[in-house]
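So, here come the structures, one by one.
In what comes next, subunit A is part of two complexes: it sits with subunit B in the first one and with subunit C in the second one.
Right, the complex of A and B next:
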């Protein structure tokens, strides 16, 4: 009995070995470490990329996904999570991969088109059906009696975009008067009853718990919430001005090199800029960057004045230090 | 015992002590001292800034205050539950007994989501409290509710075995000697269960101080109002401020240690006072 078992195992092993050596195609596994709301996008994209890569090279690619708060994900990679590519919510978090971990070169953002952001998004409002509080723009949500749901900018990347969008609107309204802008954002946060730790948490608070009159949300989250979570219960309101969120992507050079995945990791990100990649992006309610896809999805995305963080705030590092670091403007709002 | 010093169940005092210390070092002491080492990379001014800014101090008050209140509530109702479970027989008692352990087994995030769903203004209990002007979810009161929830089993499970061992005859004897109910409780039962009660309190309290998962869902996390210290630590990590985060963690460790030490001291002192020193 034992002998037959042994021989079966041996035969199986030999066959297995033969199969591996015969097939010239490799099997590649990539790890993409991303932030919270990209789940649906990358599920679609990974399937498309595997297909493309197999027809091109014959190799099969399996992409594993990891999702979480953007800052937490960056920290995991710095602390040793061996990601081949990182696709995070803001450039500041990717910068830390260089600053704290020396995992990528300093000029990582120059390596791919559009500042390494194959898709963009923005911040919009989600309100209850029929818009009972008649919310149209940012100055409507600082009125007394309006309850605003947004996550904590200290823990959530999306919440930082919300905060900066409000700040940018206030600057524009008050001829770039920083003190007025701070007062405006202070009033806004007076109306916030709950600060969840992440964007999905806030969506749950607003849609499932029924708290608040308006949710400040990623555009793609808002579409998703309108379509799936609260169909017929919520509607999207587009403010006159918002911020252009550019979630960046990068190959994590050190780990990709270690895994021998440099080529496929690079191709994985480059394909996001292809026609098919851009199409999947548009389908998942992110704003494509290529002209053709932008045109195709033009009707889906409302037109609004989008300001860039580099132009209004002088880049992420500066914005982070002024507003969200300990003792920054966000802390000052609560410590009077 | 004195003339047979080597008759221990486990052989080799030195060996077992060695293992105990190695085990404690690997599991507890080394990770915790790493926290302190990291915290000490800060200079004094930065350290003080990290651990004593108004927002952090407010979080200490909330964390330790709510944990204390939660543990006290558990002492009262945990004792009552343990009493009911040991002294009465009723239909479904085994189920009730099993329910007590739920907060142990449940992922804390599940507890947090369930509690905030029930206690929010549109929730089943929250909507009934709303007209009375009581808001639970997203206020410090919500923190107390969550911390009471997760601490419940500790008091019940420490007091229950002691109550089971306490024979009813002693109470009957006291009653036959003319003691009223209050005297029986105060002079007979309480001294017997006192050490267990304090141990349960200390466990529930310690557990509550470290709790994160269930609280963040129901706390509202507003700076200066409903932000617990573990959230402050996460917040600092989120800004890649590892040293600041460990500094706050180190302060929490020291306060917790002092408090637990004080509770143990109090237990020792009250045991002697109640004449229960074995």
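Right, the complex of A and C next:
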């Protein structure tokens, strides 16, 4: 009888403990507002992080994703889209979260490694199978009769990288002659029949709608198109020069704090730098920043001459004001 | 589509023509034709893609495009995210008022019957940054409220900051959070005129600031405010205050069962109070006049030279109850007013109360807010709108100390604060009426009200003793009113 009583007490205690433990576990929902082509990356990464976080804390994390042109996404967050984290295409767009919304601190870029860019990427060409227009480098895509697909730099971060890569190439070809670079990029945009608002839209235009001879694409997007979206129909061409893109990430402090998600949002971004996070980055055709993952995926990525925005354009703020602000060089070129 | 047909035709032409071309061994022409087809195919695809992008852009733009609204709920426009809104509203009340004989305003001693534009109020209200509401209401109608001091023509002008549901701040000119019936919208009233509680005792509108909010899941509403202070039933002007003393108002109102499915879900009750201190003068007395139910003449006014002196404290328990088509509102208000005639002073207790009931014959649910007919009046579709019966009893009683008298040669001939020959001790009214809501915006109302007075008949009762003295004073003749109203509100 005493044993029975003791057993009941023990079972009750265990059940109670389990109940308390279960009751204390939280369900957390994060919103990651990102740029256009990162859908597949964050689907994989979110699953891994949720598993990691549940193991570590017992809490379950559901990450909702929002994707669009990087500039549009930044504007949406400033206008009230309550992102816990922003993972955008370029630092200028993240800067706007401070400049126009005071949603993050001014020194946000110092909070994580590699200036808050857990991976890098670049811009390459995607052409039709067999490369019927024989496109090999930037000067081939400004020729008459070549149809070029690239998104709108006003709304897309990837499009701005495309534009600046072309400009950097033209500068190098013309001894840093800005006028000739402008003429070169002007010719390029004369060959652009349609401007999508984001990189994924341009991929759709090129791969699914069959428009254009060449797509200026994120490297990761080009790999994805070659292997999955347009398998067997397209191939990658690596130009002689391109630009080093460093897409940054940040916690959107104001909204994360409002949602009580500061800790998990910070951990979410930090985990991008972990071995598992870097591995997922590599698998999704982004260039990891950690030494180990970089070495592991080294053979996956072509070697090419990459210029940095700070070196050629004096940083994002200057590049933005010169080229993409209203009345800037892009407006002058595209209105012609 | 046209392009597709052209391309198809060209493709077919190419296929059909190819043997002939092959026969002619004209490969150059064939290549040109193929190139042309490809070029046209690209153009078609580009046009289609541009169409897709236009649709996407339009959908995106729609999310940021301001929304214009025009419906039975009113007219207005707002930003796409709803954070910025403007609503244009209005209230027009056209009355036809008939009075029985009383000591009134006309040359023949009658109140003047006729048409009256009671309220003409274009209302602009809106929201900025999602949290900051504002309301601006000018008045072009005839001010009927007792003791209306306002000459500015501005009924409401305030900003309301909704920081949290439980913590909101309102500042400007508005209805102080005191009277229950007063807080009911002018378009939602069950009777053509409010009760003595609202019109004669509690403040109408004042300048000031208040914190207020809903707590306990909206089951308890609270407010606390500081105001310039107004006389009983008063509507303060927008001018700067004329004295240092301010009035404080507090109110709690509970609706403990509001979210329950029970017979008590429509129950609300609360308590309001004001406290102020005001020192009047013989020329600016700071004291009220109390109007009859018909709102055309006074049944009580303090004597010339009497002025407010000391505290003015009000307390008002209040409640409503709505269940199905039935509704009732009960409200009591008492004011303790310090008065002086320059020689002696007193604290006088005047009070009023009302009990009003309503019943919707057409089955709509009654509520503190307006009535939305199940079927608007429409002769083509057979709708008759909503019909409502209403009944009310109300009293307004004056402290007998107001009529305390002095004596001369053994005969009471001097009134200390109010002359009992011209001012009644009380007004007691019963009313019945019917409201016809043609639709949510148009209402026709008909009220009959009978008011009897105690004293104030301006003469000694026939055959009684004490001619010229303050004893055996006749009652003022009853006031009987038949009011009708056409109301348009949106």
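Assume the second predicted complex is superposed on the first by the 311 of 336 C-alpha atoms of A that agree within 3 Å, B and C clash if a C-alpha of one lies under 4 Å from a C-alpha of the other, contacts with A are read in each partner's own complex, and residues count from 1 in each chain.
Everything below uses one rule, namely that a residue touches a chain if its C-beta (ideal position, glycine included) is under 8 Å from a C-beta of that chain, and two chains touch if they have at least 3 such contacts.
Computed from a predicted structure; not experimentally measured.
After overlaying the two complexes on the shared chain, residue contacts for A:209 are found with subunit B and with subunit C alike. In the superposed model, A:96 makes contact with subunit B only, not with subunit C.
When the two structures are aligned on the shared chain, A:80 is found in touch with subunit C, with no touch to subunit B. In the superposed model, A:236 lies in contact with neither subunit B nor subunit C. In the superposed pair of complexes, A:331 makes contact with subunit B only, with no contact to subunit C. Of the two partner chains placed by the overlay, neither subunit B nor subunit C lies in contact with A:48.
Of the two partners, subunit B and subunit C, it is B that touches more residues of subunit A.
In the overlay built on the shared chain, the residue A:193 is in contact with subunit B and with subunit C. In the superposition on chain A, A:147 makes contact with subunit C only, not with subunit B. Counting contacts by the rule stated earlier, residues 72, 193-197, 201, 209-211 of subunit A appear in both its interface with subunit B and its interface with subunit C. Residues 49-50, 53-55, 116-117, 120-123, 138, 216-217, 220-224, 231, 234-241, 244 of subunit B are the ones that touch subunit A when the two sit in their complex.
For subunit A in complex with subunit B, the residues that touch the partner chain are 69, 71-72, 75, 96, 99-100, 152, 154-155, 192-197, 201, 208-211, 320, 324-327, 331, 334-335. Across the complex, subunit C is touched by residues 72, 79-80, 147, 193-197, 201, 205, 209-212 of subunit A.
Here subunit C touches subunit A in the complex through residues 42, 45-46, 48-50, 53, 56-57, 60, 81, 83, going by the rule given at the top.
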